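Each of the next two complexes has subunit A plus one other chain: subunit B in the first, subunit C in the second.
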Partner chain A sequence: MAEKKSCLKGVGLTKVFGLGRNKNTAVDHVDFDFSEGEIVSIVGESGSGKTTLAKMLLGLISTTEGEIYFQGKKRDIRSQRAKKEYWTNIQAIFQDPFSSYNIFNKIDSLFLDCINMRGGKNLPYEKKVEMMTEACSFVNLKFAELTNKYPFELSGGQMQRLMIARIFLLKPKILLADEPTSMIDACSRATILDMLLKLRNDTGMTIIFITHDIGLAYFVSDKVFIMEHGKFVESGTADEVILRPKEAYTKRLLNDVPKIHEEWDLSTVDIKNQ
Partner chain B sequence: MGKVMLEVNELTTKYITRFNEDVYAVDHVSLKVEEGKSLGIAGESGCGKSTLALSLMGYYFSPLHYTSGEIIIDGQNITGMNPDAVRKSILGNEIAYIPQAAMNALNPTQKIINFIEDVVQAHDPKVSKKEIYELARERFEVLGLPKEVLQRYPVELSGGMKQRTVIATSVILEPKILIADEPSSALDVTSQKMVIKMLRYMMEKGYVKAMIFITHELPLLYNVTDDIMVMYAGQIVEKGSAQQTVFDPIHPYAKGLMGSIIVPESGLKDSKLTAIPGTPPNLKKPPEGCRFAERCKYVTPECKRFPVDMKYVEGNRSYRCIFSEEHLRKAYQNG
Partner chain C sequence: MKHTLQQIFHSSKFLTGFVIFMSILLVTIFYPLFVPNPPLEIIAQGSFFPPGTYVSNYDAVFSSTAYTLNLPDASAKRIAAKLGNKERSDIKDYLIKVGVPADQIDTTNTTQLLDQWTKNYDPKANIPGMIFSQQRYYQRLDKSLAGLLSSEGLIIAAKNVDTGALEQVGMINQNDYVNIKEVASVRTLPLGTDNFGRDVLTELVKATSVSLEIGLIAGTIATLIGLILGLLAGYIGGAVDDVIMFITNLFTVIPSFVLLILISYSVGQEHRGAVMVATVIGFTSWVWTTRSVRSQVISLRNRDHVNLSKLSGHSLVYIITHDILPYIASYVVMAFILQISSAILAEASLSILGLGPKTSEVPTLGLMMNWAMIYQAQILGKWWAYFPVLLVIALITFSMNLMNTGMDQVFNPALRD
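On to the complex of A and B.
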């Protein structure tokens, strides 16, 4: 098997909020090495530090300690220029697809911005339309029906698909998806996950999928990292972690999810005693 | 057959918007819930689950309007009762509703005990604060909530604790029927499990006699309810036991929903999920014929011609499709 190339690596990554008594270590010395073209999930309960880690990886907040390596080289985004350059390589979609977007912008201008960002500013308009049409059909939407629409005219699921179409146009090396399906109802979730898989398969993108839902993580990813109180407590291939968990915490998370073929054991929680 | 706690016959209700447009959110819905049983309502967001919940309490205020059909709670027909009477004598003690995101709607400047006082006194203003405190303390204790919670403000409680507080309060008057609308969707899995266990325990204790549980999370519904009803665009499209509906759905929409279930079990990774293309119809102008036709893989021109009635089939099940069970099963086998 060919040696997999490192895409994003973290060594001793740490984020501490506050000082003294209010000190809160949100991310606590995590280590990882994500390979190119891999889908990795980071799974944890709310408050475990997932979004904080995501923000450090995106370069939106500083790290308290530790190093990030992008494609084998130590990341240095101190200058604005370096930051901009880094952001052509890593992009994100968030839980609320409406939040990352100016609602007074029409949808085609969202796409035009992406094309411009990828150096397509001077392309003829027909070429741009062709690219936008392709991006929309990638997520099973019809561009002709979307032009001139405002985002608030779309459902959450459609909007999230648009965000994926945006990523398709931007073609970053890494996509960071922070709970992209948690505001979307269960039946549109399958669609979003299928699209992430297709994105990776078609473009070789590395995808970091952040979720509190261990089932989604299992379905979509090659590797799974379980996060508890800012630490990675268990990691491995999706099959290893989900089907043969070693850590008590992972076992508990799995046990607490309702399933359909296995019994959901309610005896592990006691309403009288906690 | 157990005693019927709630019976709804052909209930139709609509919103009338500011622009005087009708939104047909609940269309000829019939259901029955027996004592000791729970009924689950599944369906995509916007299909009318919450509107149905509001409608079947008989409590109508603008923009929601009653059109036709009847509601019978434990033998009492409440159809056409005026809203004030419903609020006084039905809500809270006959039927209680925990709205979606109720825990975030708690008044932040009000202590939990004051919230409970409001709930009880809305029903009977003569009950003293001391009596209410005693009742709340006892009830909280049985349900595993420390009595200290009563003196707390909502911000001082965790999400799971807030939700359990809301649930405990909703059954303080021992309603016959409890409707829980997405009661655990915003919680971590462990808190969710706690909420579910508490709901079960309340049934066992007799604090509620029957339950309606609304969620789009099918694995949860499957584990919590006896029967499942699938809603689509304001109508029921399938009804049966939880087991039947999840493992052997008849209606193409139900089939699609069940095929999108994602649970961390072996075999999931190799399975192909079924995603249902398209979006539900606009309820201001629902299609003449089958409301699902536009998105259905098995559609024929016949489907779009006339409104489709429920078909009652073996095993106490029903579904809304012009095709026979046999025809549909064959179609599913052929992919």
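On to the complex of A and C.
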């Protein structure tokens, strides 16, 4: 691990919403250092500040305090051009596939945007179709069946797979996946996780996987960060954190894992520790 | 999009409103093609003629030779006056002198007597034994007899607009029924005339189209201002939002109608054309569009598709036009329709107060109400001068509100019944 290069680093990252009595510290002085090619999970219950942290990392909202370092250099995204440049390196998949799409645009336009962003604006159309077909087949979908369709004609699982296809086209250095499986059925969930793993293996992408489900985190990640009330309360490798949890909060999260995860032997682990 | 349009047109409320509105619109478009009279032309002396068909009594009527009016007993009287027993025997004397046998002359048969007279009388003939004064007497008699039994009809003439001369346009024979189409200056006034003697229907159609224009201009201005301010305040937020909301709150506190009255008053009567009034209405009624567009944009800008669009490197303008506007477009269309109908009402209210467009150029629905009120049409019971105007105002706002609720039901599934 030590020889791996730092990809995204945060120092004392803080986000405060509101003023005065309405002050709400969503993210509270968090520090981290994600290496290239890692899958890192950020686990916390709803409202713990995971999405807020993700949006700060993406540069979609400003930070109240703290610094972000991208590939060892301090991030500077003050101009629109710098932002565009930064976003070729960091991309996201959001929680709700149904609100992730502009329902007025056909699916093609989503992909064409990606190709344009990768500098493929002037490619011949056949070449673009080829790229889109490849991206779709990466997520086991057929482009020919999707072209000229609107997002609302698809299922939630298909939509989220297309989001992965979008990432495949963009090939960013970092992918922030904010609870990508929480709004879709269990069947599609496993498929999506498989695809994220495949994406990392094929491209060496750093994936920051945000979830409230510690079982999923264990399933996919190298490192796990446990987040409570805007703070990282526990972190380490997946085995360390989940098999030998120190914090009461982590234990509680483990207890909340539904019985369906019994086959992963988590509850037995939990009992052992008590 | 196509789907939504289909749904809208399946809504019976929308369809009813749409049909009413389109009928009004079509009438304002096509009526002037059939009745090209200027809407403010004074066509009758006097005010408030009730609905009906009118023939002008100023029309000129003349005959090619002599003008006679052959009423049945009038003609008998006239013949008796011109052709008494003395004249009849004088005619008989003359006829005998020119050689008509005495037994063929019957002084009681007027037609035959006059017929023989016209055949045989020659003013230049030198009849032996007739003195000069007698000759003159016969000449005078002949003149007075001319046209006595004329069965000639009346000629109807109209002024030629180009030359100004009277020209024959029709002819009325004795015992004829006159086809109303051949009478030059007949006007059917289905809604009578107003206080100035102007055709209410023609005026009303013009007023409706001017009022719709005012609504359109004011609605466009209000919706554009509301949309732009709402988009900026909602999407950019921060200081921009604060400034815009400060102005909006300022306008909310002052009732827009009071503002409207003050501005209209200070603009002055001479400068208040229809467009001017529409503009003033537009600039005072954008407030609630701004507020609601802003709140919709705020909830939209946190939607993930907007975040994703940013991550795709799209510019602010692109995001507003592609990722925000389409989502609020249906709402903006609805707001626009409401703005049009409320602008029409605002113009009517202003005009009733005497602060509407100046009266000399075009009629508006509000001005017609104003005129009817000033000249006491309501008190005098001249319903045709104000009731149709009220009806049109009511129909326009009713149809637009119907369309709006119809659209609301489509866009807002929670309201579907």
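One rule holds for everything that comes next: the second predicted complex is superposed on the first by the 256 of 274 C-alpha atoms of A that agree within 3 Å, B and C clash if a C-alpha of one lies under 4 Å from a C-alpha of the other, contacts with A are read in each partner's own complex, and residues count from 1 in each chain.
In this section, contacts are C-beta pairs under 8 Å (C-beta built on N, C-alpha and C of every residue); 3 or more make two chains touch, one makes a residue touch a chain.
Everything numeric in this text was worked out from a predicted model, so none of it was measured.
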Does the superposition put A:Pro124 against subunit B (first), subunit C (second), both, or neither? neither
Quick one: classify A:Phe94 as touching subunit B (first), subunit C (second), both or neither. second
One more residue to check, A:Gly20. First (subunit B), second (subunit C), both or neither? neither
Report for A:Asn105: first if it touches subunit B alone, second if subunit C alone, otherwise both or neither. second
Does the superposition put A:Cys114 against subunit B (first), subunit C (second), both, or neither? second
May I ask you to name which of subunit B and subunit C touches more residues of subunit A? B
Touch check for A:Gly72: first (subunit B), second (subunit C), both, or neither? neither
Residue numbers of subunit B touching subunit A in their complex, please. 44-46, 143-144, 164, 188-190, 192-194, 196-198, 200-201, 216-220, 222-224, 246-247, 256-257, 259-266, 268-269, 273-277, 279
Which part of subunit C faces subunit A closely enough to touch in the complex? 1, 303-305, 307-315, 322-323, 326-327
Subunit B-facing residues of subunit A, complex: 45-46, 140, 155-158, 185-191, 193-194, 212-219, 238-239, 242-243, 252-254, 256-262, 264, 266, 268-274
Please name which positions on subunit A make contact with subunit C in the complex. 55, 58, 60, 80, 83-84, 87-88, 91-92, 94-96, 99-105, 113-114, 117
